[in-house]
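Each of the two complexes below includes chain A, the first together with chain B, the second together with chain C.
Showing the complex of A and B:
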């Protein structure tokens, strides 16, 4: 039982820290980015860490959330909470449409997912859809701009995401997902419903990215298709989650705090060495700790939250 | 003969256009142990996959405890009391305890706790290392873990695919001894094997040859049939 409390304790600690951070540190946009990547890395953890499917086009759901939010505000006159719900729904619908991708596995799944995200981007950025999406010219939502409220929304999404991961780590459902990741055939033999488990994890993962995308649209309020569908979101989410170690709560959190911290720190202080330092760090990790930072402890048999 | 618990009749199945099973059928009575003997490539694993529902049968019928289960999903069959142990048997990246939880996923928490205590007392090697990864166990212990995982579901019929695979003769006897113990509690067994040592457990034997059932009868009858005796036991 104390395992659950360890997990919950860490989740509460992170959420409270991010909630009070703006009163200590004044760069709220940077803090928002941290909160955003904390949720995105955990959202990716839900699908990759627990089922082994690596969605390289994860940003597709993020972009769907951002554009769902924008379209609901521009065309339906929704307030931010309603628009966030529309964004989340858009991401989940996209995930439903993409469920046939599960017939692929490994690198094929990752690449097909990348292509799918690109396809959504091409549709949104199409000048012919200017009346609907504003095409490549980007959207402006200055009417709903409210950085404090959108920051609070992002922290709430982070809390939801972390609770979800705590539940997955401590529930029978999460255990059946890990069995699927280990060996789908054996899991099916043991009576685990592989398709159902995988689909639920996939939809939950998309839901998180959609919610985060909605909060991003609200926070920045002016953005272009190439911002909302930037491959950088997918890459960062994947790298942060892998750096720390997937299928844990701690891993992706550590990945974001360390790597995104380093990213901002050396990006400002010594930008000329940025690529070199960042690349070396990641290569070293892949070589020496392929299972992430937490494997320093887990391979000694220590359970990390 | 005991009441029939499980029966399969006229099973035809295969992969793509390649037919593997040609009207195979077998039955297991309540509390009975049945061994399915057959060489590599005879279709043992394919037949077992059809029985547990991982592969659809092209034709044929299946029934369990008097109910037809032909089109039923695997998880529904497990809930009814069928349990399957593959050659691999365990999830190597999950701990022993987690493996047992996967096995007993459809059982209520209270029942599972009692059952896990029973299983741990039957398998003291596992009890000593509950949180160790199943992949860190020796081959014999891994089989024990696989058996415990399959039994955690509280099955009425345990179906096993080559439990002797990858085991030294010493461990084969251990596995047989353990299965004998559970058999005396009323568990029915269906074991697909090429290792004739498992015949010690069997009430009846079926042989599978090129996708068809060849011989069906008691172990004593198998020994009396000269051709089969030579095929499975050698000239000795």
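Showing the complex of A and C:
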């Protein structure tokens, strides 16, 4: 029980900090990006950290959420909350369609997932679908543009995501997922339903990306397919989660706060050294801390939330 | 009596001298101009020349003591705060916010092109900050309910194909150029132009114009060999191939390799970034191609700022390494600077809507090396900088061929 309170305490601290941050720092969009990547890194953590399946095409769910939101606003006349639900549903449906990818594993799964995300992008950006998705010409949702409300929605999604990870870390279901990650055959022999477990984790992970994608569409309101399906979202989510350490609550949080903080600091103060500093940081991590920053503590037997 | 006189003199003195003292106190030490640009990534080729052109203007203006700012009746130095967004829309959005909320820039110039401009439009509007938009031509940016965006150095996408459409119509009547193949990269800039040309052809079917091929391809397309064969199979009189710089280079190279000839071939970038195309395709591969004759080719007589020839010399003097070729985007960056300079010289205050009013005040009066400057008062779209059609001759020379009042040559058509 003490562990649960520790995890919950950290989650509440982060959510409260991000909720009050706009009253201290006025670049709300930068804060939004932090909140967005905190959720995305944790969403990726749900599938990769707990089951070991690395989806390089995670942005596919994010883009599906963004376009689900946009289509609901443009064609169904939905308000932002309803459109967010449609965006989330679009991501979950896409995840269901892609469940056969679990026949693959390792690098094959990661690459197939990347190809799937690219396929979704090509469908959305197809000029023949201009009447539906606006094709490659982008959508404009200026009618629902409300940055304060979309920021609040993003913080709510972050709260949901962190609570989900706390539950996974402290529940029997989360334990079964980690058993699948360690050795799916042994887990199955011990009575764990491998297919059911990883499918639920997959859908939850897609749900988070879809919700975040919806809030992104609401926040930026004007975007193109290459914006919503930019591989940068996948890359950042993967790098942030790996940098901090997966299967923990703290790892992805640290990854986002440190790496995305450095990313913005470099980009604003010394952009000419961007590739050098960022590259050095990541190479150092891979060489010296392949299990992420939290491994500095965990390998000494210290439990990290 | 003496006391009253002292009071009157003091009152007069306060009227005469105090406002001047207040102005002197409130005049900013510098005018802060914010600008995100793409130093790397897919948009660097169009963004860097705009940034370097703007920077050249800032440096030269500061060498002359700064820009004259009407509300303070004096010259004030300029400070360019520029951040590299690496062609990422997410980073561009954050940097635009940074420029507005942290750097508190007086004038905000967006990045180049529609994709990177798209994220800045709603942010600027939300913060009630006027967005000086160099080349983001997407029609969706310019709406009657948003006074916080103005397009400076490019006409709106729908305006670009006006003269090529007219030339097609004229050529149908006079030269039998009737069967048109339309091949375009599916992005906002070229897609909108394709749509305008398509609508023109349909509306002028009575001239005999007929669309025999209409195909959009991804902007990332780098091999046109099969597409050229597909187009040739429809036996067109005219091919209109609309893409970005990379698309046009790939198309022209593949066309040369295939040995295929079309009587009439129109493309965007052989005229817009001619030096870049000459370097990558060669003059022979571009001979006979119809293209936009931009301000790099048509010598406008500016009533403010350098002429194109003077600016080209200044560009090569300032950036002798040749890393970024002189072209239309280089002119666009300098043009933005000129508009900012005239805006500061005529605005009533640094309030953002006052700046917008000052820009509108320049409409129809200002002519730069980029041509006549004319802004739609309701939407902020650029309407004045026209895009005549030129045709490339041997050795990379270009002649303007349409409209007739700007033409210095006649269109010639190849054989089928």
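FYI, the second predicted complex is superposed on the first by the 305 of 305 C-alpha atoms of A that agree within 3 Å, B and C clash if a C-alpha of one lies under 4 Å from a C-alpha of the other, contacts with A are read in each partner's own complex, and residues count from 1 in each chain.
In this text, contacts are C-beta pairs under 8 Å (C-beta built on N, C-alpha and C of every residue); 3 or more make two chains touch, one makes a residue touch a chain.
As the structure is a prediction and not an experimental result, all values here were calculated from the model.
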item	value
Touched partner set for A:179, first chain B, second chain C, both or neither	first
First, second, both or neither for A:82, with chain B first and chain C second	neither
First, second, both or neither for A:190, with chain B first and chain C second	first
Between chain B and chain C, more extensive residue contact with chain A	C
Chain B versus chain C as contact partner of A:22, first or second or both or neither	neither
Overlapping contact positions on chain A, where the chain C interface meets the chain B interface	none
Touching residues (chain side chain A, partner chain B) in the complex	172, 175-176, 178-179, 181-183, 185-193, 301
For the chain A and chain C complex, residues of the former touching the latter	26-30, 33, 122, 125, 127, 135-138, 140, 142, 145, 147, 220-224, 226-227, 230, 232-233, 264, 267-268, 271, 274
Interfacial residue positions of chain C with respect to chain A in the complex	39, 83-86, 88-91, 93-98, 101-102, 114-115, 118-119, 121-123, 125-126, 138, 140-141, 143, 146, 186-188, 191-192, 216, 218-219
Chain A partner contacts - residues on chain B that touch it in the complex	52, 54, 73-75, 77-79, 84-86, 88, 90-94, 98, 101-103, 105-106, 131, 149-150, 153
